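Heads up, the next two complexes both have chain A, just with different partners, chain B and then chain C.
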Partner chain A sequence: MSYVEIRELTKKFDTTTVFENINLDVDEGKICVLVGPSGCGKTTLLRAVAGLTHPDSGVIRLDQRDVTKVEAKNRGVGMVFQHYALFPNMTVEQNLAFGLEQKKLPRPEIRKKVDGVIELMGLGPRAKARPAALSGGQKQRVALARALVLEPKLLLLDEPLSALDAQIRKRLRDELKRLQHDVGFTAIFVTHDQEEALMLGDQVAIMQAGRFVQIGAPAEIYNRPANLAVANFVGDFNIFDPATVERLFGVAAQTSSWAVRPEAIDISPADRKASANGGAVETEVTVMAVQILGAMVRHYTRAQDVMIKVDLLNKPDQRLFQIGEKARISIARNAIAEMNE
Partner chain B sequence: MIDISAKTRILAWLAAMPFLLVVLMFEIAPLLAVAANSIQTETSFSLSNYSEILTSKFYLGSFKVSFLISIATALIGLGIGLPAAVLLKRMPGRVQQFVVICSNIGANFTGFPLAFSFVIMLGVSGSFTLLLQRIGLLEDFNIYSTSGLVIAYSYFQIQFAILLVLPSLAAITAEIEEAAHLVGASRFAFWWRIGLPILAPSLLGSFLLLFANAMGTYATAWALVGGSANVVTIRIGELTAGDVFSDPYLADALAMLLVVSLILPIVVEQMFLRTKDRDR
Partner chain C sequence: MHERSARDWIWVGLLGCLQLLPIFAIFLNSVAVDWAGTILPDGYTLAHVQNILKDPRFLQSIQNSLIVGFGSLLVTPFIVVPAILVAHCYFPTLDKYLAALVILPYAVPGIVLALGLLRIYSGNYGIVLNGSPWILIFGYMPLAAPLYYVPIKNNLRALRVTELFEAGRLLGASDALILWRVVLPCVRQGLIIGLVMNFTLAISDFVYANLLVGGHFPTLQIFMGVLNGGSGRKLSVLITTYFVVIFVATAIVVWVTSRRSEA
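And then the complex of A and B:
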């Protein structure tokens, strides 16, 4: 039995079905990242788990307890919103204390817990500030602290970083990972950023039009996308349909398309003998363009009429290819993800 | 702040000129004229108009009644207008628009038409009065009295309050309310600790506007109760237009005191908000 269990959950608004009979499991102490295009139902699912919207059917269990009909504030669920949703009339401390006060905890205990979380989140210098005086990153840290101080069974985060600029976003993402390691909370984290998803998630669930198209560990999602949409989301795959596979690599009778990462392709000068690696497939290409991407050097190559992206690690002694140069690429069989949709 | 060049600043002043001119001609100048007249009598300059008012039970009483009606109807306006606006915020956009249009009309539905409607509905033999009497909810009620004025004023004050409060509710987003709910706040706890404190400055401002609105109401009161209502505006009207009591200089002094009683609270409010801003 998983810590969080979502079973056959269905939610409709009037005539539109947001999701139907979906299932999701999250283990205790893990972060499950929900990703998918805008409008696919991520927020609605999160709100259903929080108790802010009521599913039409299905069951939500949290730590062995059926919470489907439990009021939001009694579920032991904390939530962090994209736009912080801090209480603007209260200082940082007061924002954190508010929930504890509602629980009627004794003053000294509230003080202790608030101070502990302020310390944990490095909010000490801003403890007496009001939200209006905080930067975006600080606001989101307060929002996170406000949820954590109540020690929720489950933390829900709805695109918490997407209103922040790139640098703060990265910092907060790393901080969140560290925090999760230290505190050990269980979370469902919504994002539409693939890097965030792969970096933060112990488990990544890819959602599309109200369905999960793939749920798995980040490495699995990254290396073995289940379909074209997942491949497009994790980005930058070379996609070969069955006909192309046959034409370029001479592998016939394929029913599924291949997805191959640019960095999984070996490229060598055309005159070099084919690699001894028996399982690999090969083809001749012409280098059309070379682009430095930082750690990687991207080669845009052409095989017959097909563009193939090939990445090489940007090491000092790396031999880079020239534009117009003929080359040979080879793809190991275990670098090929076969996709059925 | 971005530095605005001198040229832009001059342009801004020029653009504002027509407006400033209107303010000068139709607000400042008349006010100065009233102020000047208020320290005159038929024969000489003196403060005797003011001393007459401030020692007259009758005129002081008119201020008292005006204050009471204005405070009462401003509170009634907010007391009903605020919850109404909160409920309205939850309605679909089209319903909101419709109510805003109605309130706009209602807030300006004053003077003779309003008084006439009230007489028809709530007068001695008004349809509503008779209905209430028939079902025994009402023994005797007199619309031509101070409490009648309170009811009539409340009609436009409530709708004015809705219009004033509605925009400020944007500060209370659904997310803030949900965040409070998720950390365990009841509806009451949310409004007491978060909702009302957020709204406090704008509620105070709205109260003052409603207060001023009621203080300045003349036609509705006059149409409903004529000279028998002892409110400041009717006293002023009587002294300017009346043939028996005419004393325009005394009227001007009353008007000046009315202006002061409207401006003073607003000045105090502004100072209060400024110190509050500094605390942040």
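And then the complex of A and C:
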């Protein structure tokens, strides 16, 4: 039995169905990332788990207890909001102590727990500051600390990093992963950023139009998207429909499309045989553009009228192809994900 | 932050002088022996101040004004402020009607409002307040509503109230506690402005005081009205006293509300 169980959950606003009969399981000590485009229902689902929105039907179980109709404050759930929701009139310490005071804990115990979480989150120098004096990253750390100090059964994070700039976002992502390793909390994390989802999640649930289209480990989601919609959402797959597959690679009798990651494609000069192993498919391309993406170099190539993205690792000795240069690409069979609409 | 130059200070100083000059001139007039045709008075005396202080009507009017002023502060904010907060937090769609409602008393001519208040509080609806300070205290309530509404709404707009409530609920707090410990302190500035303006309205009003209670309960403004046309010196003493009362009351309000928010 899973630690968090969502069964046949349905939520409608007037005539609009946000999600219908959805199911999700999250194991204890794991982070489940709900990822999907805006308006797909992920935040509403998170709010339903928090008790801030009431589902029309279905069951939410937390640690084997049915909490579907339990008040938010009695669920043992902590939540981190996108815009922090820190109390502006209170200092960092007072924000952290607020929830513990509601539990009527003795003062010395509150002090001890607050000091502990301040140390854990590295907030010591800012303990007496009010939220207005904090940076975005610091505010989000306080919001996380405020949820964690109550030792919730389940931590819910609603796009907590989306209001931050890229650098801080990356650092906080690493911190969150470290914290999860150290503290071992169970969390449901909502994001629309696929990179964030793959990096943070032990389990990634892709949501589209109010339903889960794929739930799995990050590697599985990344390498084996369940359908074209997932492939398009999760990343930069090259999608080849059956007709294109036949035209470019000479592989006939296909009924499903191919999805191939740009980094899974080998590229070599046209006059040299591609370094593909047996069973690989090949075609000739022309390099149309080259872009440095940091660790990768992306080549936009064209085979007949089809654009194909090819990524190479940006090593110092990497040979970069020139615009207009003829080349040959090769795709290993095990790099091809076959899928239907 | 922009560094202040000498020119900035000169502008601020000039503005301050412009605002303080009339008050200072009234004060000088209240202690002048004679003041005509010269920039400064010919001499100074406290005789007018002593005369006024000996006048039992003056002390009575000061006392009455303070009763109405502080009475209004003890009643109005406890009814108006919760209404503003509840409308903003729980009935945002109805809030626009409240916005229109609070300015309505200023759209109605004073005499109409006064007659309406007299009618309501003369026993027609089971409430008899005519002739007592209560009719002023309750009568000023609709007039004071926008004085709270505008500054408090400005503070509320800067807050994500729904998220604060949700965060508070998840931390185990009741809505009433979140209102008391989070929302109210966050609108403290607006509340202080409302309280000061409410007090100033109650203590400086002549029209409604004259129409609603008149000689039954003479306030400072009514006493000023009585002296009007008489000695200009005495009137200056009254006006100076009025400014001192406003200043002291404002200081008390700011001090009390600041202490409350720090607690």
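We adopt the following convention: the second predicted complex is superposed on the first by the 337 of 341 C-alpha atoms of A that agree within 3 Å, B and C clash if a C-alpha of one lies under 4 Å from a C-alpha of the other, contacts with A are read in each partner's own complex, and residues count from 1 in each chain.
Methods note: a contact is a pair of C-beta atoms (placed from the backbone, for glycine too) under 8 Å apart; a residue touches a chain by one contact, two chains touch by 3 or more.
Here the structure is a predicted model, which means the values were calculated and not measured.
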item	value
Chain C versus chain B on the shared chain A, clash or fit after superposition	clash
Chain B versus chain C as contact partner of A:F240, first or second or both or neither	neither
Partner chain(s) touched by A:A133 [first = chain B, second = chain C, both, neither]	first
Which superposed partner A:W258 touches (first chain B, second chain C, both, neither)	neither
Touching partner for A:F19 - first (chain B), second (chain C), both, neither	neither
Partner chain in contact with A:H83 - chain B first, chain C second, else both or neither	both
First (chain B), second (chain C), both or neither touched by A:L150	both
Residues of chain A at both interfaces, chain B in one complex, chain C in the other	50, 52, 72-73, 77-79, 81, 83, 85-90, 98-99, 102-103, 146-147, 150
Residues on chain A engaged by chain B in the complex (per definition of touch)	50, 52, 72-73, 77-79, 81, 83, 85-90, 98-99, 102-103, 130, 132-133, 143, 146-147, 150
Chain B residues within the chain A interface of the complex	171, 173, 175-176, 178-186, 189, 193-194, 197-198, 280
Touching residues on chain C, where the partner in the complex is chain A	159-160, 163-164, 166-173, 177, 181-182, 185-186, 188, 261
Of chain A, residues touching chain C in the complex	50-52, 71-73, 77-79, 81, 83, 85-90, 98-99, 102-103, 146-147, 150
